[in-house]
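Next come two complexes built around subunit A: one with subunit B, the other with subunit C.
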Partner chain A sequence: MLSFLRRSYLNFSFMNPQYCCLSRNFSAALPPLLPVQLPSRMETHLWYVVPDEVKSAPLLSKYMELLPQSERDHVLGFRGDQLQKSALLARTLVRTTIARYQVDGHLDPRSLRFKRNIHGKPEVEWETKDGFCPPPLQFNISHTSSLVACGVTINSLIGIDVEEKRRRTKNNILAFAKRYFTAHEVEHLNAIPDSELQQQEFIKLWTLKEAYVKALGKGFSSSPFNTFTIRASSGIAVETLDSPQNLTNNWQFALLELMGSHYVAICLERQETGGAGKTLPIKLTARKTIPFVEDELVSGTNAVVTIGGSVTQF
Partner chain B sequence: MAGARGILLKHLRVKVQAFPQNPKPNNGLFGLSFNAILRQFSEAVRGSFLDKSEVTDRVVNCVKNLQKVEASKQVTTNAHFQSDLGLDSLDTVEIVMALEEEFGFEIPDNEADKINSISLAVDFIASHPQAK
Partner chain C sequence: MASITRASVSMPSLSTSVNQSQRRISGMNSVSFPVSGRSMIPSLRLQRGLQVCCACQAKQETVDKVVAIVKKQLALPADAAVNGESKFAALGADSLDTVEIVMGLEEEFDITVEEESAQSITTVQEAADMIEKLVEK
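Let's look at the complex of A and B:
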């Protein structure tokens, strides 16, 4: 399906008669994105796309047009339609999401530039203009073949990771955990008698650990998984084996079950405490989107269930 | 100039002898040819290395066995884990674990981080003397 993309963004698909009726909705400029206010300092925004729900070839072609050449090449560098679609939706979600916040009056996803920090973590590269002070917008993206998600905050470092609930590992879970997780985590998994539950706990731990490393933004080899423990008994916390560098109470976690099919782990740099060292819950707004087609506020519905951490959904 | 050099080199070519499996003890090292001495030292120092094409076959098999994916994904010798095979970070860690089992040595995390294609895995393993 995507192989026509190579042609279509060279000669626009709406010029081609066979695509005329399909592309009627998109033959003119795309409808504007629904603008959204930047999250407040205490809020986290979660946006996600379900790739299986995005089937329109002309729409995907329009998404491709939002990307600069380098990103298009990157998308086309993936082998096969499914992987290309996933990569395309990831770039589209990041660009359209950030564009909605209309920073400095801009609403065009095309105009955004990205760079990587010294550790390779992607960041927005705002235009430097007189008098323009870019917002401290933080974002992080994660995807599986069945879900693409983007988390946005103001000021808080954020890491997110998504995974299918039913994800199976080829290796035995305990053998895997002994090799890659900490002793405490192995003990926690070992204590779960039901293998199905054990599998789910493993996936939850994995996503939480990934989210933490992604929030740190220093690359995986700087924080190998066996150097920190995620404790998820009452609330979720991280404990590093060698504490000096990272004050581990700097980080807050949320674990969500999305659409009954996916785990989403969010790790945030703690902004404020509620006095006496008490942590305030994460204020979360979750929206499902098909950029330019529909947006749906899903926080507080069955689609987003908090299963770990302290979260208030708005 | 090049021609003369070529002729000179031909005259200077050293005869290569097969490395003796069981050098006679009373001859010691001095009974061996120069090349044989060098190889004996370097093998003692570096251990032995696996043949690259054998490593490639074994690595490809490891990845194929782990593949959660449709038969349409061909695991070619230059396949990249993310862009060709659609593998994510959990898959990659599983592959590293499978390679450790297959080749019998531990791959440190900072090295494992860089292994995201079949050829990188092969190069790494083939250059490791502990690989079995």
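Let's look at the complex of A and C:
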């Protein structure tokens, strides 16, 4: 067992040995995770990790130890250090985040089991024990090489997508949009004269559409991108082509700019209205974390700027 | 690279046809090119263990083109080891990359890939196989 861990440690060539001496001593057991209360029905929790800030080789090795064999294999199946690291951090973030909520007294990220629904969306597989009624915890993760994020709600289906603001498509934006987006969205992009702004609008639209499909949880082929329009004039709403007159009121969106460098799109199943069909804003708590090392509440700071949708940050 | 069981052998009378536009393959009446590549044209079977199939040669060319498109999309170095078994996700393709790769394949091979098909391709070989099926139509 230990020799395997050594091998997997050594496979991480990005673990620069010089950091071993400078970083904290993680050869002992990891400190406990800071427990957190489950979000209320109206709240959304956003947790994120910046891979570039996680440099400690022993720490990364400890993260690897949290994963079951199948997930370790999955991580090591990625080509290259950077991809393996962000894959590892994605699994670590999901496990440690859910563990913090201490469902049924559990605080061990190792003990969590996951499964996929019939459409392939990952879910927690809670232990079936007498008298234990698992909370309707919903989560979704997204990652790029430079950011790993996890959104958590109680009861509300959630989809999140993150992307670097400066992400460039290889294809021409309008050609891509004509092929994959709806006519309204093409029109919206076409109307933007500045190519830099057009690129950013494209990325915003992409992340919002991804977040919607991920929230639905039925796979991309059940909701091809050209079958629904994201309208983001005043507020953000989704309109499906098969019922164009009804803006699909079941879903609400938030679009955030994180650390000035990333867009984060969140799509939530609408739980309650404020009476007379009025939408209540999304109550968002955002935390930056390096699991077992530090947690920082960043909502309400300029690290998390709401740029679309109705959001109250706590 | 072709494995020993699927060695490509250049057959002058057939290779010219194969090297032409992929679409021509389906139009060749005299020789059948099975889609799966597993069954063979008996006359081309050289010896036991060494199977020669012209559909394999077309497949290798298709695979090579897919590899080129993938490398370009993911900005991989030209000498990066990418072959039929390579998974897009493992190479670092996120969903936007995958859609761009599919778009690149559509342009390269003049085909249209429906979302259902696009979602199911996870490796270079699967993409090449899908292209072959679509090109045959």
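One rule holds in what follows: the second predicted complex is superposed on the first by the 287 of 314 C-alpha atoms of A that agree within 3 Å, B and C clash if a C-alpha of one lies under 4 Å from a C-alpha of the other, contacts with A are read in each partner's own complex, and residues count from 1 in each chain.
One rule holds in what follows: a residue touches a chain if its C-beta (ideal position, glycine included) is under 8 Å from a C-beta of that chain, and two chains touch if they have at least 3 such contacts.
None of the values given here were measured: they were computed from a predicted structure.
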Which of subunit B and subunit C A:Thr301 touches, first, second, both or neither: neither
Subunit B versus subunit C as contact partner of A:Ser221, first or second or both or neither: both
First, second, both or neither for A:Arg167, with subunit B first and subunit C second: both
Partner chain(s) touched by A:Arg79 [first = subunit B, second = subunit C, both, neither]: both
First, second, both or neither for A:Gln37, with subunit B first and subunit C second: neither
Partner chain in contact with A:Ser261 - subunit B first, subunit C second, else both or neither: neither
Contact residues of subunit A, present in both the subunit B and the subunit C interface: 77-80, 82-83, 144-145, 163, 167, 169-171, 176, 179-180, 206, 210, 219-221, 224
Interfacial residue positions of subunit A with respect to subunit C in the complex: 77-80, 82-83, 144-145, 163, 167, 169-171, 176, 179-180, 206, 210, 219-221, 224-225
Footprint of subunit A on subunit C - complex, ascending: 72-73, 87, 89-92, 94-96, 99-100, 103-104, 106, 115-116, 118-119
Subunit A partner contacts - residues on subunit B that touch it in the complex: 65-66, 68, 72-73, 82-86, 88-90, 93-94, 97-98, 100, 109-110, 113
Sites on subunit A touched by subunit B in the complex: 77-80, 82-83, 86, 144-145, 163, 167-171, 175-176, 179-180, 206, 210, 219-221, 224
